[in-house]
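Should a chain be cited, it is by its letter among A, B, C and D, assigned in written order, with residues numbered from 1 in that chain.
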Amino acid sequence: MPWLSTLMAVPVLGAVGVSLVKNDKLAKQVALAVSLVVLALTVVMATRFDPSSAERFQFAEVHQWIPRFGVHYGVGVDGIALVLIALSALLVPIVILASWHDADGTGAAAPPKRSVRTYFALLLVLEAMMIGVFAATDVFLFYVFFEAMLIPMYFMIGSYGGVQRSYAAVKFLLYSLFGGLLMLVAVIALYVVAEKNTFMFPELIGAIQDPGTQKWLFLGFFIAFAVKAPLWPFHTWLPDAAAQAPAGAAVLLVGVLDKVGTYGMLRFCLELFPEASKFFTPLVIVLAVVGIVYGAIVAIGQTDMKRLIAYTSISHFGFIALGVFAMTKDAGAGATLYMVNHGFSTGALFLIAGFLIYRRGSSRIADYGGVQKVSPVLAGSFLIAGLSGLSLPGLSTFVSEFMVLMGSYERYKVAAIIAASGVVLAAIYILWMYQRTMNGPTAESVKGFTDLNARERWVVGPLVALLIVFGFFPKPMLDVINPAVDKTLSSVHVTPFTPAVAEKKGAGQ
Amino acid sequence: MTTHYLVLSALLFAIGAVGVLIRRNAIVVFMCVELMLNACNLAFVTFARQHGNLDGQLIAFFVMVVAAAEVVVGLAIIVMIFRTRRSASVDDANLLKY
Amino acid sequence: MQSPVEIFQHSGGVIGVSWLMIALPLLGAAVLLLGGRRTDRWGHLLGVVMSLAAFVVAVAAFVELLGLPAGERRRAISLYEFIPGVADTGLLIDPLSISFALLITGVGSLIHIYSIGYMSHDPDRRRFFSYLNLFVAAMLLLVLSDNYLGLFVGWEGVGLASYLLIGFWQFKPTAATAAKKAFIVNRVGDLGLLIALFTIWSVFGSFAYKNLGAGAVQDALAGGSLSQGTVTAIGLLLLLGACGKSAQLPLQSWLLDAMEGPTPVSALIHAATMVTAGVYLVVRSGAFFEAAPTAQLVVTIVGVATLLAGAIIGCAKDDIKKGLAGSTMSQIGYMMLGAGLGPVGYAFAIAHLITHGFFKANMFLGAGSVMHAMNDEVNMRRYGGLFTVMKITAVTFFIGYLAIIGFPLLSGYYTKEGIIETAMEHNEILGWLAVLGAGLTGFYMSRMVFMTFFGKRRWADDAHPHESPSVMTVPLVLLSIGSIGLGAYLILGNRFMKFLAPAVGLPAELPEPHIFGVGTVGLATLALVAIGAAFAWFRYGAAEVPEVAPRGSFLTVFARRDLYGDALNEALFMRPGQWLTRIAVFFDNRGIDGLVNGLAAGIGGTSGRVRRIQTGYVRSYALSILFGAAVVVGALLYVGTM
Amino acid sequence: MGETVTFWVLAVVSVSAALGLVFSRRAVYSALMLGVVMLSLAVLYAVQDAPFLAAVQIVVYTGAVMMLFLFVLMLVGVDSADSLVETIKGQRFWAAIAGLAFVLLLALGVGNAAFSPAVGVEGAAKEAGGNVPALAQLIFTRYVFAFEVTSALLITAALGAMVLAHRERVRPKATQRDLARARFAGPQPSPLPGPGTYARHNAIDMPALLPDGSVAVKSINRVLARHDMEDGIRPTDPEKAALIRQVIDKEKAGEPDEAAGEAAAGEGFRVEESVAERNPAVESPAAAQGAPAEDGVAERDSAVAGHDREAAQREEGQ
């Protein structure tokens, strides 16, 4: 069974169906049902995945697409792609459920420009694109999905967003296109230089040997991914886009779309251009560390909830990039795990912030206060989501952050120590936001708040449960990720980390 | 002799082109365009003779047909514009700018 | 000196299911949090039951441990793989951890019971008990884990519980701020702990205690894979972590603010258990500290500095809870001092920790009882003469008082005296400073007792003090029994030393402690304590206590302001931090985003100018077309001539 | 030899006619000049062994296309002269440069090419038995598809012209009765005064005299009066001249916005090309007779508004 093609086809067909349904409520239900079908399929696929298999990409499908240029419709997943696809498949039904009223225009400062069902159709199209981008094993196909993802997101921000949505949407699109076009040049150059007459990723590994060429191509790919991720200083589109996007779209934007950047660094930058990656590692590590500290400091100074969360993500993406380029097993696995966990964590934060904003009609932190008193469940889930944002042990984000920092420390001590200061800053921005919104005397404007209703609990519940379960028992995910990271690092040819004690012992023998 | 014909053709073409550039009356501009087409036809006919190939003449014939169709539509457009704007000046139809 | 004994893998028995100690309170917390209002009616009972159940498991495990030969009393059980290749989740039941477990579950259960009464009027009592249970679970994970990663998880877990409980009355801005402050200051310490863990990992490639024993550290040092500098760094970083959690200088400032929480919280978390986690960490990491004398010295200096600072702060506070908080700081300073003195010091530090857990919890709960009676008044200048109206509270408080000042034969006397004498052996200056601290303790604790229970009644008009219900007084009585006899029981005959020996590695031969020592140091200590108490009587017992605090000398103000710790933090970190934040935000909006938007505006402006070329005049366009045609012809000619 | 002579004669004629086409102020002259060029070219085709083309040139171009041009000219205003004042800065200069450059470059290219003596098309024509059959053979064999497409093009063009030129009637056509009603409702039920009685030559431009001997203002044809003004033919009678002036001024005052716009454009009283082409609306009998506002008036209003807008925009552009 062509699992991955099915996973992409189902949401696309669903999107067509949703756009044909005339009744808005029915459209929502259809969209939810389709996304749940995709989730179920993903779960079945994940159970059939064999982490110990020698075959690197499983469920692989390869068909000729443009034979003249060796372009294939090539899809397949390894552990890294699998967990990210699972993340996407999981977040979409949650987002659909959370966005139930986002496109209705009730309580929004700016009425939506398009119909309700268009929004849900766009969500499903986006899901197909997200699955495709992670599943692609053909570099060209990856590029196609990489750019195609922008379109539904552009419309979701530009048509359903806040007051400044067109500015944010255009900024998002221009930034991404800028990076994407650089990547296109690099993709074509890769094809030409490699002289293999194929875009298939597995065949391109090790195809470029010349260090000078590697460096240029690396930059082409890397800048695209750095914009996407976003890495400091390419980040300023994210706060605008995330703040203007409807909460659900923001979740997918920050939770999944941006992961394509870090995923691309891990998969393409490292494996296709190992020498260049090593050459640029100091630069990337500096950018990542600056991003961690800078994002956190700027987040502290924000007055808008969604912008604040966006800046925390910039800080977190710094961690992921650090983990990817530390090029140790622990850091790599941690970074991959971080991508997934960050999706849960930021997803929960954005969605709960969205519930708050839906109730109050404002995303300014100063407009809240004392929500805990009137809506304890809302406040409690917000706290858990926030604590996952500051990587509290016991929540899954801790495992990933710890592994990233530990893995980075194995090779880059100073960078890891500076990055670890993000731990303190994270506590400041999260708790200060929590205090300003949830604690203190109940503000007049907040008095009429209702607590989370059943639908909203179904949104928050799974995320919180996942955060806690994987916080104590991350093994299932790590078992899938570890072999894939090992394979990635083996094509980079780095000496694996050995503790000083073992090293001495080894030398002694 | 071919050279002479061709130079004449070029000259007529250029005069037509300059006419298009400096006249504002849409009808006159149209006439200048016709002049340019005719100049081209002359060149086609000349080349047909030069190479002993009737295709050139045939192309000239097609040019005429197309020119006729063009004139019909073009003049209809001019009449319509004139009716609404009371002007046949090409400069007056300048909304499509910036 | 002998090394601690090896760690044995264990299965079966009560120790095999000792994870229940953690799981039961955790289950309680989960049920209470998820159950919501439905569990309001019986929530507090569930909390108590879970805590008591954990205590029962702990006692059973303790008994089973005692049944083993002394050389095999370090039992590890592994539960599951936590992070594959990095660390497993496992528990280590050894004398050190089981002592803590008993303290946590025992004192914890008493405080749970006490809270039933104390929180009876609070609509959110159920939530309070869920947090208490969460705390107990996290604290047990901290002490029972068999590796540093598990310890860290528990470490942060108690931080979370502390945050939740300090901010329990979250509608009070002061409480919310105090909670946040506690968490953030703790995080600074956690940063140190984290980096220490990374360093340990990069050297040893493991977090498990069994791979990080004294032998392993010595081998690594000898083998050259661990430099002296690195081990010192590890020690100092661990100390930083300990300072955060245990409110030692320079991370002490959160503890006084933490008194915003309900009083049982102050008793359980900020006196008896959580704040002693730092001491546990230092003792548990003895292998590293013993390899790093510099780090050990710093530990003792920090301990002494804190014990003096806490005592000085305690002298000037009118808020009864803050006074007790200062005293807690001071007593933990003693423990930290002990923890920096090697194996013998460890034993005394842990012993003092346990007795302190009893008498400090006793006094905090007593203070809570007083507040309960006085409409939540905390200002001691509004107390006075309470002895007559609440006798049980007063008597139990008085026992705790005697214990803490080191009144002979009571708990505190033996343990504190032990620390002071061990310190004296190491370093006389530190020893004498510790003695001075004892004198100060005598003064400020006496001041507290006299202001609260004796003298004239200075009550508020609407105060009608009464004795607390028995659900509150029974725990007080039980705790005061511990305050009386526990010290003697533990220290005399070196009972505790021998018990603890396998975990920390004590010298085989220990001097037999006396029931009442008459050494120079002991007498000096007693004398100083007596002078302090007398001075307090003179100032606060016999004399009139003004209801409004006099301005006081420079020293008083200094102490009242917490030694300007907050002011220092504010000037050094908060204000520059705020400026940095503002600058960064400005830079982000105007600098980076400004650059990007400027670029966009530049392109927009240029195209705005360039588009003027599109005049709309057909003839202009035609002109450019003709030029283009001419250029093409020229180009063709040029190419043709080439 | 005969060809050379023919060529030179026709070359001179056609080039001068082309120049005349470009530079004559009146569109009618331009059209006639174009006719001359086309005829010359037809002869040149014939000289170059393309008798069919020559015939088609005369029949289709000179006969049909030129007629179409003339018809449209009639519709648009046959005798108005275009102003040759250039409004786009540098347009003429650069047009001249570009045209010269173009012609020089082409001439250079052509001149540099060394042509062998012409092959001539007789050979090709002979096979099919003459020029016309040869062409026919080509059309219906090799170019049959293009030919069919051309037919479609022509039909489409015809249809397009019809659609474009057609105007939907938005109100019912005024019947005789309506017109009569309107006339009697209006200010002038009676016919306008006839032209002058004492005319010596073209009576239509002479005003009628009222019984008291004064000039009847309404008898002056304003269009003709304006043409007279433009052409500089002033009535010798000063009184009449003043009257004509008065009529024209009145006409201008009726369109104050336009006047202001023109004044702003610095064009003063001079009636400019566009004005001349715009004014025929006034010429329509209905307007002249003060008949109820028909389409023409509405159209004029919109045209005026359009003009204002454009004038403003042009100013802005400058």
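Brief remarks on what is shown
To be clear about the criterion, contacts are C-beta pairs under 8 Å (C-beta built on N, C-alpha and C of every residue); 3 or more make two chains touch, one makes a residue touch a chain.
Each chain and its UniProt protein: A = NADH-quinone oxidoreductase subunit M; B = NADH-quinone oxidoreductase subunit K; C = NADH-quinone oxidoreductase subunit L; D = NADH-quinone oxidoreductase subunit J.
Quick caveat, the model's predicted, so the values are computed rather than measured.
Just to note, of B-C and B-D, the chains joined by more C-beta pairs in contact are B-D. Among the chains in view, A has its Cα centre nearest the centre of the complete protein Cα set. Rounded to whole angstrom units, the spacing between the C-alpha centres of chain B and chain C is 94.
As a whole-number value, the distance joining the C-alpha centres of chain B and chain D reads 16 Å. In this assembly, the C-alpha centroid of chain A lies 68 Å from the C-alpha centroid of chain D. If each chain is reduced to the centroid of its CA atoms, chain A and chain B end up 61 Å from each other. For chain D, the set of residues that touch two or more other chains comprises 88, 91, 95, 98-99, 102, 106.
Each of the following residues of chain C touches two or more other chains: 615, 617, 619, 623, 626.
In chain A, no residue touches two or more other chains.
Looking at the complex, you find that chain C touches chain B at residues 611-612, 614-619, 622-623, 626.
Per the touch definition, chain D reaches chain C in the complex via residues 88, 91, 94-95, 98-99, 101-102, 105-106, 108-109, 317.
Interface of chain B with chain D (complex): residues 1-8, 10-19, 21-25, 27-28, 30-32, 34-35, 38, 41-42, 45-46, 48-55, 57-58, 60-62, 64-73, 75-80, 82-89, 91-92, 94. Of all residues in chain C, only 615, 617, 619-620, 623, 626-627, 629-630, 633-634, 636-637, 640 touch chain D in the complex they form. Per the touch definition, chain A reaches chain C in the complex via residues 171, 174, 233, 235-236, 294, 297-298, 300-302, 329-330, 370, 372-373, 376-377, 380, 387, 392-394, 398-399, 402-403, 405-406, 409-410, 413, 416-417, 420-421, 423-424, 427-428, 431-432, 434-435, 438-442, 472-475, 478-479, 482, 497-505, 508.
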